[in-house]
Amino acid sequence: MSAKLQKRIVTILFNLIVGFGGLLMATPLVWMLSASLKPTSEIYRFPPTLIPEQFTLASYERLFSDWPFAAWYVNSLVVAVVTTLAVLFFSSLAGFGFAKYRFKGNRVLFMIVLASTMIPFQLILVPLFIVMSRLSWTNSYYALIIPFMAPAVSIFLMRQFISSIPSELMESARIDGATEFGIYWRIIVPLARPAFAALAILTFLGSWNSFLWPLSVLRQQTAMTLPVGMASMLGGVTAGSEAPIGASMAGATLITIPVIIVFIAVQKHYIAGLTAASIKG
Amino acid sequence: MKKGLLLLVLVFAVSLMGLTTFVSAQEEVTLSAWTHDQLYIDYFNSRIDEWEAMHPDITFTYDFQIIPEVWDRVLEGLAAGEEVPDLLGLEQGGFPNYMKDGVIANYFVDLTDLIGDRYDDYAEGRWTIYSYEGRVYAIESSLTASVYYYQPAVFEEYGVEVPESWEEMLELGETVFGPEGVSLNVATNSGNWFQMLFNQRGGDVFDESGTFVFGDETNRPLAIEVADYIQRAVANGTFFVVLGDDHWSGVTIPTAYREGRLIGHMMPDWWSSCCLKPNVEEMAGEWRIAPPPTWEGGGYSTTVWGGTGWAVAKGEDQEIAWEFLEFMYLGAESQVQRFELINMFPTNFEAMEDPRVSELIDAFYGGQEIGSVYASLGRGVPVWYQSPFRSNWSTAIGDNLPLLFDGSMTPEAFVDQAISITQDAIDFGF
Amino acid sequence: MSVSQPASQAESVQAPVQPSDGRLSTGAGGARFAPYMFISPFFIIFFLFFLFPTAFALVLGFFNWRGLGQPEFFELRNYERLMRDPIFFQAVQNTVFYTGFSLFIIMPLALLEAMALNAKILWFKTLWRILYFAPIVTSTVAVAIVFRMLYNREFGLINEFLMSIGLTPVDWLGDPNAVKFAVMGLVVWRWTGLLAVYFLAGLQSIPDTLYEAASIDGANGIQRFFYITIPSLRPVILFVSVIVMIGALQIFDDPQVLFGSGSPGGPANAGLSIVQYLYSRGIGDLLYGYASAVGLLLFIGIFVLSLVQFRLLRGFED
């Protein structure tokens, strides 16, 4: 009897601890959302109000009127969407090539793909930046998209997945007179959809949240992506700037919340994709 | 009657013809400018009509852009062989970078002769920071003279006067305010902030020829004196430490003002419009300005921090660009207008004396004639010199200030480390 | 697009674990060049934007060049300068701290988190997983901006809380002794969930029968943890530790935004990371040669760890 009771108490305590931790994890995001809807004076009140006493959208209005926030949003969306599409296309194509063809150099070339993941981006940050500025690609989408259209890790992932697709399907398509690209397009692409979904989420998020490289190549305010733009909101160095607390919270909310909503919706697939990428890649 | 009509028609026709020839002879010029601060663009735009009226034969288009960290962006542009704009508004701290690799002489118009004798009509310290090897390459936007912003009511409450010297301030902090948890000034970890105090004491980091003199027998003791003062002032609470971006965009300072825990702040003129007024609007009437405390050991009556110099890039539009800049920035009238619109205090002596400047009453400062305070300091602006290595020095100072504040570094070690880091940079060339 | 395959079919082919032996032969005409065409985009991009810059970086490390004028051949002076720069050593020291903290504090925390989320007695599993894992998808910049506010010396929620329970407030972003912990606080929030995801996948692959057998043998919870959980997770732990090390060596976003552009390394550079140092020298000061030298040193460090990772992964594949 008492053992059962003890077990019950342990269970409740355990759940309380996990729950407390969960609330702690949620605090920054809840605080951010709540602060974005308050007037500045209320933001710094303690204890903080969860539901704003004085509900206002003024921070959002300021965000859009004082900073080119809409342009940043568009930039981020365009870059993330185009990058994702390009990565899906080029990685699956290469993955298909590596997985399903015997050709001279397959092994060596694939080793190069793997080895290339060892170059840390920081090593090429400066020279790549020089290349971009010589090409006059700074402040443009090109610099943000083109070098990242066919990452090695994605190729590895797609190769692994496509290897598991039975080759008989391709053989029969070939007998029916399909071209090689036709095989890719009509057989591989539809069958690789689960892998595409996982890769798309990872790539989109990677691009959406990317900071170091965009920070390096984007200097014009209207060319910035969301993270770079937001960081620039904080930075009035010598000229100084007023405290844009509410506005930056509004900006942070607008970057974060949509992604989290999507995350909640596709949570299972996302986590599956992450583990696949980790264990395999 | 008929004759009159005919004449009228004739005049009309001629003027019409004149107009058409006039229109077809229009020259087209695109003036481009980059800077980091919208205020300058606002000022230019406010006088565009007047400018265009002076040049009826030219059709202007304007491409004015706000570019954060414009100084880096321009260097990259030059390196990439891109076109840079005709006019560049560069924060003075970005200037040393242009002194490297001959950039300044290769790409910027030497303004020395264009300015000519007018040099003497302006505070000299505002030319020297844009000078390289004796030639001037930019025109300053603001005097950036420092004043002491303070809350008179609190001083009255404690029955004390506003300190006129730094030692007096330290004394007040020690005896009157410190025990109450009230601070009289702010300390922050910026090399510029330290330089502001050090320049006022009469110290030099670089001399006229660009030689690093911070470590010599005149300047090192002065630097140690200032560093030691800062350390003591932080220790007894006279200076309130606010680090990093918090100094600019944080809520720490405004709230400390409001709560009466920070009752004064020595900062340049621009502090008023960037950071004081917008953040504590409701304190209107509760602030005054006074000349800053001075050093008993000597030095200048005020000091400077910041500024933005406008330079003209070499190129086909360089002459008209210079005219534009001359029109906007030189001459007492222009400087008064600039002051009236965007609050940048004139560097021109005549403009400082102008009643529109010196008698300016500001409700935020309880109707005080703030212009007269600045004007009284206008000739006391320290003269100091840039060097390609100033940013190395400034970074070294800024990096170690927190250690000076919290007592983990002695003033001597603080100064000597800045000397050795800067000397290393000079030895290696970067 | 003709992507109208029924989902069930797609799923059914996901499962088979057939080794990739059934490759097409490339005897026939078109098929001979097709694979090269398919893999060429990667190689074009790789050569232009990765390999060339890498070679460029190696060369640049021996030059003094700021993009204008002729590069000056500098022999090893960039490296010599690096060895004399106290800020670089500060950055290395900080980065080592970040790495150690991540390995010895964050990783165990993530394992605990994964075990908690995997526990049978946990109610509302999905809810807690969402809360603990949501930080993974957030933008570091956005979150760092939020944390700046939470860390505020005077009004931050954290200090308000500390004061309300009678503790002294900490100047999280201003005290050189505290800033590293402030950075790590953000990293804990942002990254623990990600690591826990890996651990969770590992935990789920441990067969229940193992635990049941151990229970029958009379092993208590702690014994089960050390004799079953840890040994079974060994490959995952190794993998995660490499990820963590490489990630921590490359830390940039978190301190950069937390401290802001005014003094991105924090007070007295107490929070400056190696990559921040590289960024400020290379992109900020345009010291191309010098920053390339920093990049090369970082590369060597990461390369060694990547080799370890590569070995490990090869081990998994076999």
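Chains: A, B and C, in written order; residue numbering restarts at 1 for each.
Everything below uses one rule, namely that contacts are C-beta pairs under 8 Å (C-beta built on N, C-alpha and C of every residue); 3 or more make two chains touch, one makes a residue touch a chain.
Keep in mind it's a predicted model, so treat the numbers as computed, not measured.
No other pair of chains has as many C-beta pairs in contact as A-C. With every chain reduced to the mean of its CA atoms, the largest distance from chain A is reached by B. In whole angstrom, the spacing between the mean C-alpha positions of chain B and chain C is 42.
Inter-chain centre distance (chain A to chain C, centres taken as mean C-alpha positions): 14 Å. Residue positions of chain C touching 2 or more other chains: 67, 155, 260-262, 283.
Contact with two or more other chains is made by residues 44, 133, 232, 234-235, 237, 245 of chain A.
Among the residues of chain B, those in touch with two or more other chains are 72, 76, 79-80, 245, 248-251, 255.
By the touch criterion given at the top, residues 72, 75-76, 78-80, 97, 100-103, 189-190, 241-252, 255-256, 391, 398-403, 406, 408, 417, 421, 424, 428-430 of chain B touch chain C in their complex. Contact residues on chain C toward chain A in their complex (touch as defined above): 2-5, 7, 9-11, 13-14, 16-20, 22-26, 30-32, 34-39, 41-43, 45-46, 48-54, 56-57, 60, 67, 113, 116-117, 119, 121-123, 126-143, 145-150, 155, 157, 160, 164, 189, 193-194, 197-198, 200-201, 239, 243, 246, 250, 252-253, 256-257, 260-262, 275, 278-279, 282-283, 288, 291-292, 295-296, 298-299, 302-303, 306-307, 310, 316.
Chain B makes touch with chain A in their complex at residues 36-37, 39, 65-70, 72-73, 76-77, 79-80, 82, 91, 93, 192, 245, 248-251, 254-255, 270-271, 274-275, 278-279, 305-306, 308. Interface residues of chain A facing chain B in the complex, by the touch rule stated above, are 44, 133-134, 136, 138, 219-221, 232, 234-245.
Residue ranges of chain C in contact with chain B, taken from their complex: 64, 66-69, 77, 80-81, 84-87, 152-155, 171, 173-176, 259-263, 265-270, 283-287, 290.
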